[in-house]
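Chain IDs A, B and C follow the sequence of writing; residue 1 opens each chain.
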Amino acid sequence: MGWTIFYLCLIILIPLSMILVKSASLGWLGFWRAVTAPRALAAYRISLEASFVAALINAVFGLIVAWVLVRYRFPGRRIFDGLVDLPFALPTAVAGIVLTTMYSEHGWIGSRLAALGIKVAYTPLGIVVALTFIGLPFVVRTVQPVLQVIDVEVEEAARSLGAGLWQTFRRVLLPELLPAWLTGITMAFARGLGEYGSVVFIAGNMPMRTEITPLLIMIKLDQFDYAGASAIALAFLLISFVLLLVINGMQRRLGALPALR
Amino acid sequence: MSIEIRNVSKTFGQFQALKEISLVVPAGELVALLGPSGSGKTTLLRIIAGLEFPDAGSVIFDGEEGTRRDARDRGVGFVFQHYSLFRHMTVFDNVAFGLTVKPRRTRPPRELIAKKVHELLQLIQLEGLANRYPSQLSGGQRQRVALARALAVEPKVLLLDEPFGALDAKVRQELRSWLRRLHDEIHVTSVFVTHDQEEALEVADRIVVMNEGRIVQEGPPEQVYHEPANAFVYHFLGSLNLFHARIEDGQAIIGDPAPVSSAAPNGNTPMAYVRPHLMDIERFPASQNHFPGRIVRINAAGSLVKVELVTVRGQTVQVEISHERYRELQLTKDEMVFVNPREMKVF
Amino acid sequence: MAGTASIPLRNVPGASVGVRSDPRSVRWPLIVICVAFLALFLLLPLMAVFANALSGGVAAYFRALTDPEALSAIRLTLLTAGIAVPANLIFGVAAAWAIARFDFTGKRLLITLIDVPFSISPVISGMVFVLIFGAQGLFGKWLMAHNLRIVFAVPGLILATIFVTFPYIARELIPALQAIGSEEEEAALALGASGWKMLWRITLPNIKWSILYGVILCNARAMGEFGAVSVVSGHIRGLTNTMPLYIEILYNDYQLPAAFAVASLLTLLAVVTLVAKSIVEWKFEEDTVGAIAGSERDHEH
């Protein structure tokens, strides 16, 4: 038991405190300057916006996918169901290069979109695509189990009382799904914030335009600006932490609806 | 609204749940579908509701064909065994649900809905609980809410699937008589499914006995109980003793002759069926019809005294006599007495 | 957040209800949307990896894989996973057992800490390692004095990978241990079994599917880790490149078919991971649902 705690402290606590220590070496002013530099602010914004949009896309489509996989039967369903976990299993670098190749101007999809005047690779849109891929399993896998155990008879009751499918969904099923759905969306969002491998290839990494925060940290490290990297990492961790806390709070208020035995 | 089932069959995979069922439920009647598990009674109920569709045959409501109509369009109220209340809604919202999902044209205004809901809550005697959630109610209360919810849309047919199966014995009793009284007041055509013969006998206007996907007998409770069509119905509707019988001159003989009150057997070894409370115990052979037995057990707890005897052939026989008779006879264990079957059915 | 992961059950009764009750006009459009979305985001990339890998011809494909630098990268990836997974298995079991079976001060903190590698960016994880073990880091001077290199060398890679993949096993095991309860273990102890025997013969067999599941996930992540090792490795070609890092180098050198060739190996690993996962889920369900069905009455009809 003592060994376990020792191991964990070693592996987790100490590293985290290092960030604090290193950032502190800048002093308050230096810290503030590093953290609020225009390039850093842009990086936060890009990471937050792209993760948010990707999470929304996954919110809508993830719900549909979970719904279809649980409630309907069609050929190949089982294969698609297993495939949903691909973003978990596939190395992020592989995802990065394949998505870039597909959506670049000569790629399978990029070429067709280019004809419509839409550029994906090397734009913020590309970041959203990559983060959608990464976050896909989160919403689907958190909603699926809840959908599976929804009482069939409750739906039949609603039907026998004259409710149409949309009414049944909105008033009877959705309240049950909401907590899990929100959890999945939050997880997808959080994952998107920290994602590196699948984004750095497709983003084009132009400072102020498509440079995500993890990449900025990486660049600072390459320049041996450890203090600056730590400062930005710390600021970003704080922002993410606060955001997640807020979302968690909202979830809890929604979850505090009575009768959720 | 009357319901007619014509030659309905339904198969699930390999299992044939219903085999050409035909049945008529006149408007305003309270009918029980009674049978063991697997008899098809719930399937039939769900087909009437529109939650399942038959493979063959038709369902006709008030003379109108309605076999393929979806459950939402049938105007049926369905009460499930496990209540299936909407967990996230208050009692009020549950009961009001059917009214609030009506299309805008036919939807009553809010005040009217509220009035109706409160009337129904009064009817089910749960007025003060309008703002509670299902998880805060007892089983019996939940089932009453489920009933009110089904009644709110003024269904033309009320369907109940083992409505009291999940409740305690005492609550079951209370709700049984309450359902009967409710039906007497409202007169909605009602069909309920049960495997409890006592419940069917007590509540229904008519009993439909089902077994293995077929209707075995139907009729008013007294008829089904006293004039069972075959061994299965007899068996299902109450406890019994079983004897091998010989038929001589239109009389069944088990040990000693006894009166036969049903048709002669169909060529198989005749079996005589006698209910425990239709047999008398005597100290001396009082009539022609008797056989001796030794008392092995007496259970005087209950409305009748249950006496268990063993015959000379080693067969165990259950007899039920009234407490007065028991005191009269002053029976004790290991005594030899005579058993006199008053009424038998032979199949 | 920790303690909520567990092996999902897929074939729960009551599913597929929509086939009976949802109207066709709703069902089919939804199915089309679902399939289109999944095909676009999952199926196409999968196919694209192999299409691009073979785009230079089969001979070039195998040449790329047998290149000495490629082989070195493959070796390093296997070594890293080969150390990280068993290490995390041992300490994952220990941590999960401590959390599931005991109450102690700091338990909540421990649970939150287990989730940390999960929730912070891998780049930040890599960065803290550089901060600790790098030349300017906490142990930097000490390490240099003893001529030990961690950062920009293989040990750093392995340590970073251990850190990043630690939660995968622990998070699977905590709910599994909680679910089976401690009665059997207590019975074994009462019958005189030693702590080790109990663990080996009672506890572990009971959670074998969860262990397997965690190992599969942990391994997939360990072999595919990119962000953290990117920071820690220094990209010294041929020495500290794992496969993902090597892919990046090839890609940035515009050697696309070669990059995809190596990527295809990792993709095959991903597919094998998915299949193995499904099998474990299926086996777990068989065991679990079978046990439940055996002790429950059937619903009457």
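The working rule: a residue touches a chain if its C-beta (ideal position, glycine included) is under 8 Å from a C-beta of that chain, and two chains touch if they have at least 3 such contacts.
In this text the structure is predicted, and so the values were computed from the model without any measurement.
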Sorting chain pairs by contact number gives first A-C
By Cα centroid distance, the chain farthest from subunit A is B
Between subunit A and subunit C, the Cα-mean centres are separated in Å by 18
CA centroids of subunit B and subunit C: separation to the nearest Å works out as 57
Each of the following residues of subunit A touches two or more other chains, namely 151, 156, 159
Per the touch rule above, subunit B residues touching subunit A in the complex are 49-51, 70-74, 76-78, 80, 82, 84-89, 97-98, 101-102, 133-136, 146, 149-150, 153
Given the complex, residues on subunit C that touch subunit A span 8-10, 12, 14-19, 21-23, 26-27, 30-31, 33-35, 37-38, 40-46, 48-49, 52, 91, 94-95, 98, 102, 104, 106, 110, 113-114, 116-117, 119-125, 127-132, 134, 136-138, 162-163, 166, 217, 220, 223-227, 230-231, 243-245, 247-248, 251, 256, 259-260, 263, 266-267, 269-271, 273-275, 277-278
Per the touch rule, the subunit A residues reaching subunit C in their complex are 1, 3-5, 7-8, 11-16, 18-19, 21-22, 61, 64-65, 67-74, 76, 80-95, 97-99, 101-102, 108-109, 132-133, 136, 141, 144-145, 147-152, 155-156, 159, 165, 190, 193-197, 201, 213-215, 217-218, 221, 226, 229-230, 233, 236-237
Note: in the complex, subunit A contacts subunit B through residues 151, 153-154, 156-164, 167, 171-172, 175-176, 257-261
